[in-house]
């Protein structure tokens, strides 16, 4: 599959189109809005589903393959916020607080972008299988064919490691901690509302107990210990409907993004450029480091997507508490109105394309 | 299948029974209530599901068959509000505002009644197949049998056109526009809060950007362009669970209807009669015009249901803005407490029966 | 399967683990919370799903087997609140109001505990089948094997009666009525806000119209009259996803329980002991009386679970109105922070174990 | 802008009472009311979740005489039995005829 | 604690008007506002569910002059056409400069 | 009906602060409080969706002395670091002993 085809495959998915429809809806001033509670419910569903499936997959994976990609993920979570911080501070002339807060967002990860990357790869697999069936290389429906399909995915580098959601979980927190440390070191006059107990330990606790981290870690463990038997009990609710629910969530994400578009002027061209170039650079770094860590092509691509994605659940919550002097307009607009749509629409097929080149596959 | 059987089939569906339970719950003063947010969430789900499936079906339909039914739908959307307006004004003695607002509701359509009509026809098909299998005419489970089943449906006129949801979408707006134009023409002293920019263009924009229209049109397009591949990704969430979710929605609709029943006295016997006779007349018109446009029997029946159904999402929202002097008590009570239950409980099997007669099928 | 295995099977289910995660989340002061509306939506889903499936199962059951278990259920609903009341009054030194309110809760039943008992038995069946397949006793996939599986379940006592949800429904109200009568008889000075019409008839009406009773009775009937045809229309939404939705609900239940844990000190050691010992005694009674009524082992176990479970939807609502002088801290903490987790985590496998002994099965 | 004086009565009570209270308020002469869903804590403990029940906050703008009737009714029929708080304030409004 | 006097203006209106009203309020000089979702009943009937529409309750703390402009604007543009209630009260606040 | 004067203190703040603020309010002597979920806009920008965070509106009826302590505490610990608005009003209540 070439780059254009992958691009179309991604663009024509109901998820991406729903996102675009959401943006359009705000542009034409539609009265469509999602109640907050629905947004929260969808978020909980997606995090639980990603965690549970990841845990189950982990329980049937070979863990000895895990430590190198795990280290790679942590390295990305340290390098990206540092690079981001200096880029924003030196080139973008942001103050310490805003630079650190934006860096925290770009170092951390977005579970929904991850979910979309998984959906994208599942669609790639389905396409490859369809093409092979049409070409008469694989027949459909028997056990032997299932094995042939797996071989096919492997050959085309479309099988990703079962522990990918664990990497998502690993990458959520470190970058935020790094960014807060940078801000503390850089600002003598820092007043981290210290009289109120927002000490460093306190912030770390809040991060680990933050809802996205807690749900991801918690359900990874639950999926892991309850294994195949547990997964079969809940998969009709958490597996098959996943892409459908994601479609609704992306519709809502589009509505929020659309409302944010007006803030693009406020944040200025530098941040818009940053919100596009930084993810591409991070994705490239992620794919390269993933290959070095011996990952499959699909695994490295998804690691690249994680690197490229910007947090919008864990990081904003942490920054509100730990960096209250940073302005939400900057970090939310950049992460939500620039990087999120870029990754979803252009990024996924682009990173897939980069990975194909890096792995020299076609 | 004769009329009594169809009647029972409809009455004994969980959807209709859930609606009746909802009405009973308010009569016995139950503390059961649905949170607003759940209602909104269910509405969004149903509109997206109807739109997506319709778009997918459209993508595999023969579009050259579409223009005549499309024109038929528009004609209904123009004729019904005009007839309704004069009936309400001359016979019912309603003032200009109320007559126009009620006419807008009866000319426009109800997506949930449409959904229930689809569910009803799917059940009819299942019944026909069951009967054929029991009679030994069709065997179950092989590919040849699937073809036999399709032939069976066709023979009994139970297959409807894939573009039916497009007709739903087409019929949502025109009647509302027609009714507003009538009100403007009829009332010199009309003060459409014109100082506030509720100009005609503005109202049209609000109608097209209204949430039900936007979701239906948007997801029709999304379903169309993402095609079979897209539909397979999301159908486990939007297709199989549809009738179950509809059951919950109709429970809530029953609760709202039950609360409205007390207003029946306020609106008077004329409007109650109108709310029953007008739909029957419209359904007959819809079926006849559908037949003239060359539609299948099931398609014409569903067109009749659309004609008979009264809007309760798009029209109330539009009337609040464009006809603020009309009283919601009239239009909501008629559409929700009279026509909606009548269509769901008595109308569906009745219109099916009318269609069978019109098509001279059994 | 021995007791330890059953214990593990229960403990390692995603449902129970989600509950534990919820408790932990409050302990680490996570910001995870469920919107009220989501809680209400999940409750409605579970009640409707239990009712519908129960009604369908009833429609294919042999009703002549029903009257003895039905009487057994009513007997339990009368005996348990009386015993509880005297235990709380004499041994626990609670005042009339609190003793009666707590007794009402323990005599009535918890639909979620019931749902978890059903899920537990479904898992037991799956395990038994898996073991038999591995042992080569049953092959997988053909119709003959399906019959073999049913025989296997019957042999191991894992098949429960189709009318179990009817017993759940039957047991919801009587105990609450009994407890209120006791309180009225015991307290001359009772002032049941009688000037406000909370007369006995009024309270009974409110109980029967209470949302959990209304949904359970209503959808039992709906499931019954719409039968197999109706069930097939809605089961993709109400059957397959049940355990997944239950997982989310138990996560929320864990959050609420966790917040209640602090109240354990307030209610004192007696009530904590009562909240553990009373359920075990009730379960034993339920299993014994179920056996006497000729039920299957699985059926008697679930009747025991019903006896052991404490209400937290119907009873609190009724007590707020009928026994306003009772303190919610006592009845909610006991039922939610003690008995609910005990039943879910330890109780289910324990009662299964008791039943195996009582039925002398292994 | 010229405003007239009226009373604003606010009743905070368990949500089960919403219908009864709003009916009484209208029956006692109020021309309208506004309700919001709230949580709270007080003498009767916390009412912060569906399990414990939640509260509603009913506000109504009324002439002083109606305000007095509402206060008296709440004091007599509700306060002894239920978790209820009531308070009254002065407000300036436009169009007296809408409220009296 | 030393507080300064300001005006609290509360507007209750159909939820469709939320955006228009909050824009106007800011344009007339308010530095902020707070919105809650409410239900209600009044001259225009019940507004208690999604089917009928619901209301919003917008409160804003402003200097007296701004309060007057808001009242005047609501009286002129909204009251004739829509279901709207508006009232004004005195409040004591900290930090005058935040609101003026 | 005879009412007594008390103070009504209203605090509008980001929802993350709900637990901290309600604990403080009770610790400073209030006998209860009522919380509603609100959205808003102010100096710190819009807080109108889950993405940006939302606000809570906490109201508590207290004697004047407690009102002063609450104002002082909010001024000292919250206003410098967080998006918070606080105001105080007079209210007439029944049963002084419930609030003091």
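Just a few scattered comments:
Per-chain residue numbering starts at 1, and chain names A, B, C, D, E and F are given in the order in which the chains are listed.
The working rule: a contact is a pair of C-beta atoms (placed from the backbone, for glycine too) under 8 Å apart; a residue touches a chain by one contact, two chains touch by 3 or more.
Quick caveat, the model's predicted, so the values are computed rather than measured.
Following the contact convention of this document, A is the list of chains adjacent to both chain B and chain C. If you take chain A and chain D together, the chains in touch with both are C, F.
Ranked by how far their CA centres sit from the centre of chain A, the chains are topped by D.
The centroid of the Cα atoms in chain B and the matching centroid in chain F are 48 Å apart. Put simply, the C-alpha centre of chain C and that of chain F have 40 angstrom between them. Residues of chain F in contact with two or more other chains: 16, 36, 89.
Each of the following residues of chain C touches two or more other chains: 31, 35-37, 40-41, 241, 317. Pairs of chains meeting the touch criterion are A-B, A-C, A-F, B-C, B-E, C-D, D-E, D-F, E-F.
Interface residues of chain B, counted against chain E in their complex, comprise 36, 39-40, 43, 193, 195-196, 256, 312, 316-317, 320-321, 324, 327-329, 332, 336.
Against chain A, the residues of chain C that register as touching in their complex are 12-15, 17-18, 21, 24-25, 28-38, 41, 119, 122-123, 126-127, 240-245, 247-248, 251. Looking at the complex, you find that chain B touches chain A at residues 35-37, 40-41, 44-45, 48, 52, 205-206, 208-211, 214-215, 218-219, 221-223, 225-227, 229-238, 241, 317.
Those residues of chain F lying in contact with chain E across their complex are 12, 36-43, 48, 55, 57, 68, 71-72, 74-75, 79, 85-89.
Those residues of chain E that touch chain F in the complex are listed here as 1, 3, 6, 8, 22, 26, 31-36, 61, 89-95, 98.
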